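Paired with subunit B in one complex and with subunit C in the other, subunit A is shared by the two complexes that follow.
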Partner chain A sequence: MRTLRYLLQKEFRQIFRDPSILRLIFIMPVIQLIILPFAADYEIKNIKLAVIDHDHSSYSRNLIAKIASSGYFILTNYNGSYSEAMNKIEHDKADLILEIPASFEKELVKENESKLFMAVNAINGVKAGLGSAYLRSIIQDYNKEVRTEWIQFPRFDPETNIAVTYSNWFNSSMNYKIFMVPGILVLLLTMVGANLTAINIVREKEIGTIEQINVTPVSKVHFILGKLIPFWILGLVVFTLGLGIARLFYGITPAGNIFTIYVFAAIYLLAVLGLGLLISTYADNQQQAMLISFFLMMIFILLGGLYTSIDSMPSWAKAITKANPVSYFIEVIRMVVLKGSGLADIKSQLLTISGFAIVLNGWAVLNYHKRS
Partner chain B sequence: MKQFFAFVKKEFYHIFRDRRTMIILLAMPVVQIIIFGFALTNEVKNSKIAIWDQSKDAATASLINQLEASRYFEVEQSIHTAKEIESIFQKGEIKLAMILPQHFDEDLRHFNKAQVQLIADASDPNVANTLTNYASAIIMDYQNRITHEKKLPYTITTEMRMLYNPELKGAYNFVPGVMAMVLLLVCTMMTAITIVREKETGTMEVMLVSPANPLRIVIAKAVPYFLLSMVNITTILLLSVFVLDVPVNGSLVLLVGESLLFTLVSLSLGLLISTKAGSQQTALFISLVGLLLPTVMLSGFMFPIENMPLPLRTVSNIVPARWYYSIVKSVMIKGIGLNAVWKETLILSGMLIFFLGLAIKNFKIRLA
Partner chain C sequence: MTAVKINNVVKTYGKKKEITALSDISFSVSKGELFGIIGPDGAGKTSLFRILTTLLLADNGNVTVDGFDVVKDYKAIRQRVGYMPGRFSLYQDLSVKENLNFFATIFNTSVEENYELIKDIYSQIEPFKDRKAGKLSGGMKQKLALSCALIHRPSVLFLDEPTTGVDAVSRKEFWEMLKRLKEQGITILVSTPYMDEASMCDRVALIQAGKILSINTPQGIVETFGKKLLAVKSTDMLRLLHDLKQCEEVQDAYPFGEYHHAVMRNDSKELLRSYLEQRGQSFELKEAEPNIEDCFMALMKTS
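Up next, the complex of A and B:
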């Protein structure tokens, strides 16, 4: 026990003697947590629409007015030619083109049917799909208005009408920040934790101080624990800071018990730090450690389920997410913060992450050789 | 000039002697492009939904069939009480519940009216929004088919064309983004620690007492990584075209040229970090923790920039990946030329000059 205490003392000294890295550990996550959630807005709004009206009739004008007043669209171009509108799309000044043919009103009134033409920039498939769906439903509404203008409907509507009512549970105001902030906090915590430990042992290898440890009777377990505990404490401080920001800046208070989050965070940090240590025992120099940790971080972050839904990934990618500790924490923190799930609900995730922690740290201890 | 080449040679030795690093450096972009190219999509598909069918008649059966037939939904279970909805959402498996009230078919046939209720788990507002939209689109289609059979007068039909990406593939949006991210981070990180490393191991002193020009030392550090990046650009482009089926519609020369420009920007950003950081740990922290998330979030490929509040839109202007992403999208997918991307090119060139100038200015020839 005394050995461990001295080792801890050494590690803490090392950390506190380099104020620049200490500042980074705290300031970087805080700044990012304050800034980044504002960027995370998937909601499709402000769709830029270029209208080409060849008809200039009262019908086409009414239709355009109706689209403009819907709130989803911004009219960027009006009355140009098709090639002009296409040019707008190429320069990202328009997302959608609506072309109204010259005989729009005439055909509608005389021949009972009229055609509109729509072209969508579909590079972002989701935006294209939703944007065109909004536009189509507005056109359909307009169509209905025209019909009621012309025909006296019988006692009940000849059109079939299925009324769809929606309700959104758990986050009825559809606040994207409640959803993103805890997730971003998880990512920041992961990066800080894994990176710090990943280059820690390698650093001692590179500078040569590891030789000094190797000739002492310090046991492997003590050595790893000595590296683990200080960063574990730092990580929990960063996490607390992050929760504080979530509360102060975004007014996010967990629906569930904050204790549940901490239990999970504590074990999760052990797993992440263990991963860093494991990388550290394998790498020969800091550059290698850094590359490996960067490689893993990128996969963990992009496949963690924060940005894109895990459900829509192909099955092999879903299998990767099963080995991704980040995806478990993101799932858990969302469940607790938004839905108020308790310890019993997150039991399976808790067991899995404990497994991660034990395997990764055990492996790191085994792989750390006192002989070089 | 001879001296300069000697330095470049030295840097190459550094890289080639560390086999592991080199292999990771060359293999990493390959693995990442493949994984992210296939796995990243903001499309929501195969979502599990629960259905509470209270009438169980022909109409509800055919509506449910249509939902099931679309690639967006998988009907996972049927529920029978209101309480069940809450509990299945709590478990987190099911994202959407559809409630079909009693006498659905009868209402539809006799009164031409019926009701459907959708309840979404909005803890992910994006998924909730998209799912309710998809579900109502399917319901609307179903309704239109019934209407269409009756041939109503005064019908406006809409013909639609999806430009650039008719199959609505996610890769078209994500591949350019992943390219920007991989190039930026690999190049920046690698150069970020080269100078610091020499400071840490003490070899910097040796160079500083030599008559070598500091400018040459700095530039020589970047040259080998620049060549490595060219290899990476080639593999990334080959993979995008042949494995991910993302075409190069525009000029290949322009695309490669822009990629090289972007690589140079990243390398000089790395050099700048390198001159500023005191230890490899700090350099790593700045280039990884400091750059990764802002690049993912502010370059526009995850979240549309036009939706961000004004201060963030301003901040996004200083993210180099944002401009490169826009260039790649234009050249590779839209197939337009330099006249459309000159502004972005100019901005990247400006960043290059700025970073490089600052790095050279910051490079200290005296020991602290």
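Up next, the complex of A and C:
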């Protein structure tokens, strides 16, 4: 016990004497949490639209005014030729082209139907898809307006209509930040936990201090606990800091019990620290440790369900996410923050992540040798 | 009583065991002895020390330290040996005092308990006890490392190249400290690439390419030299060395400080003198006492 106390004391002394570690632990997460959620926005705005109006009629002007006033589009080019508009797309000055034929108004009045042409720059798939969908729904809306203007509807609609109204459960205003911020917090915790542990131990290897420790009677378990406990505490401090920022900057208060989140975070951290420990037993220097953890982190982030929904992944990718601790915590934190889930609801995730903690730490302990 | 016993130790590195670090090494060290392992870089000194301190497993052979087997009873050995690696490996971001306290604690003792043992050494760095270990000078780092290796009163002390990179005065001081530790009854194994330090040891093992060339007292090693040794100096040393190597009477010639040393086949100082005179070079010729380095060169070439 006395040995462990001394190991912990030494570890904390070293951490608090290293200004770069403190910066890494505290300033990095704060800045990332403040900046990232604003930038990692799902909504597509500021779509640059080039309109080629061959008609110059009041109908075409109305249509353009309606599109421009929607807030999603910026009219960058008007009244050119199609080739001119295409040129804009090639120079990335336009994302969408809407061509209104010369006979737009005439045909609409005479034939009761008219055609529009839409060309989309599909380099950014998300922007192209959402942009054209927005434009289509605005045009449809316009279409309906024109119809009501002309046709005196009978008292009872001859067509059968299904009217759909909807309400958003758990995130009534569909605020994506409520959805993103907890997820980003999970990623930060993962990075801080795994990287710091891995690099800390590998640094002892590099400097040679681990060799000096290895010839002492300090047991493997004491040595590893002496490394895990400080970073476990630091991880929870960072997590608390992150929750504070979520509340302060984004007004996010968990719908569920904060205690539930902490229980999960505490076990999750054990798993992540075990991962860091495992990396450190395989890496010989800090560079290797960094590269291994970068490699894992990329997979964890992209297959973690933060940016893309796991449910829409192909089945093999879904299988990989089962081995990704990050995906469990993102799921849990969203459940608790948005839906108010309790410990009973997250039982299966809690058990899985405990399994991760046991396997990763066990593997690391087995793989850590005091002699070669 | 033997403190360290090494029997037929073999250690190889590489996937196909193609690099031999130690090939069939055997020797023993008595209790209270100051034993030197002397050899050039890459001779296998550090591998041997790592095996002795239970950090490395030998491929073959058995080793006991203080009566305990390094493989089976490694835990007991870790309690009773002190190890100072060749590279400074204390915590650079902890202060002198914190390092010492830390190592005392993990050995389940305290600085006060064994202060008597390290007093001599530690008192020299005590004025800087609040300074970070990383900010100490080379000599002070070495004293701190020695204090930390001694703080649990080990029965055997392993020092891997403690004087490498240390100035001449500090080296001399360091050997004085080792002599005083020896008086306390601590067995000391010290490795060094410097031949001149051999004379400070009770016994030395000359090691080269993983093989032991000779084990003896420094005096004994010098006595086995058995050949006439001459020292020659001239204005054109390079030509002189070339000339010496051409001479049939000379078995071996190599630069040695400001002289060249010539190992003679026979006791024939005058023959060499007349040979060199024929070459028409002004020179200075004198007899030289062989030392460990001469012995090492001779042993290296015969083995």
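Following the convention adopted for this analysis, the second predicted complex is superposed on the first by the 347 of 372 C-alpha atoms of A that agree within 3 Å, B and C clash if a C-alpha of one lies under 4 Å from a C-alpha of the other, contacts with A are read in each partner's own complex, and residues count from 1 in each chain.
Simple rule for what comes next: a contact is a pair of C-beta atoms (placed from the backbone, for glycine too) under 8 Å apart; a residue touches a chain by one contact, two chains touch by 3 or more.
If you're wondering where the values come from, they're calculated on a predicted model, not measured in any experiment.
Peer 1: For the combined arrangement obtained by superposing on subunit A, do subunit B and subunit C clash, or do they fit?
Peer 2: fit
Peer 1: Going by the contact rule set out at the top, does A:D18 touch subunit B (first), subunit C (second), both, or neither?
Peer 2: both
Peer 1: Counting residues of subunit A touched by each partner, does subunit B or subunit C come out ahead?
Peer 2: B
Peer 1: Touching A:I199 in the superposition: subunit B (first), subunit C (second), both, neither?
Peer 2: Only subunit B is touched by A:I199; subunit C is not.
Peer 1: Is A:L248 touching the first partner subunit B, the second partner subunit C, both, or neither of them?
Peer 2: neither
Peer 1: When the two structures are overlaid on chain A, which partner does A:V215 contact: first (subunit B), second (subunit C), both, or neither?
Peer 2: Touch partner of A:V215: subunit C, not subunit B.
Peer 1: Is A:K10 in contact with subunit B, with subunit C, with both, or with neither (first, second, both, neither)?
Peer 2: In the superposition, A:K10 contacts subunit C only.
Peer 1: Answer with first, second, both or neither: which of subunit B and subunit C does A:S312 touch in the superposed model?
Peer 2: In the superposition, A:S312 contacts subunit B only.
Peer 1: For the overlay built on chain A, what is the smallest gap between any CA atom of subunit B and any CA atom of subunit C, in Å?
Peer 2: Closest C-alpha pair between subunit B and subunit C: 10 Å.
Peer 1: Name the residues of subunit A shared by its contacts with subunit B and its contacts with subunit C.
Peer 2: 18, 207
Peer 1: State the interface residues of subunit A toward subunit C in the complex, per the touch definition above.
Peer 2: 2-3, 6-7, 10, 13-14, 17-18, 207-209, 211-218, 370-372
Peer 1: For subunit A, which residues count as touching subunit B in their complex?
Peer 2: 18, 20-21, 24-25, 28-29, 32, 35-36, 38-43, 45-46, 89-92, 108-109, 112-130, 132-133, 135-137, 139-140, 142-143, 146-147, 150-151, 156-172, 174-176, 179, 184, 187-188, 191-192, 195-196, 199, 203, 206-207, 284-288, 290-295, 297-299, 301-303, 307-309, 311-314, 317, 320, 331, 334-335, 338-339, 341, 345
Peer 1: Which part of subunit B faces subunit A closely enough to touch in the complex?
Peer 2: 18, 20-21, 24-25, 28, 31-32, 35-36, 38-48, 89-92, 95, 108, 111-130, 132-133, 135-137, 139-140, 142-143, 146-147, 150, 152-166, 168-170, 172-173, 181, 185, 189-190, 193, 197, 200-201, 277-282, 284-286, 288-290, 292-294, 296-298, 302-304, 306-309, 311-312, 315-316, 326, 329-330, 333-334, 336, 340
Peer 1: Over in the complex, which subunit C residues touch subunit A? Could you list them?
Peer 2: Those residues of subunit C that touch subunit A are 53-57, 74-75, 78-79, 81, 83, 85, 87-94, 98, 101-103, 105-108, 148.
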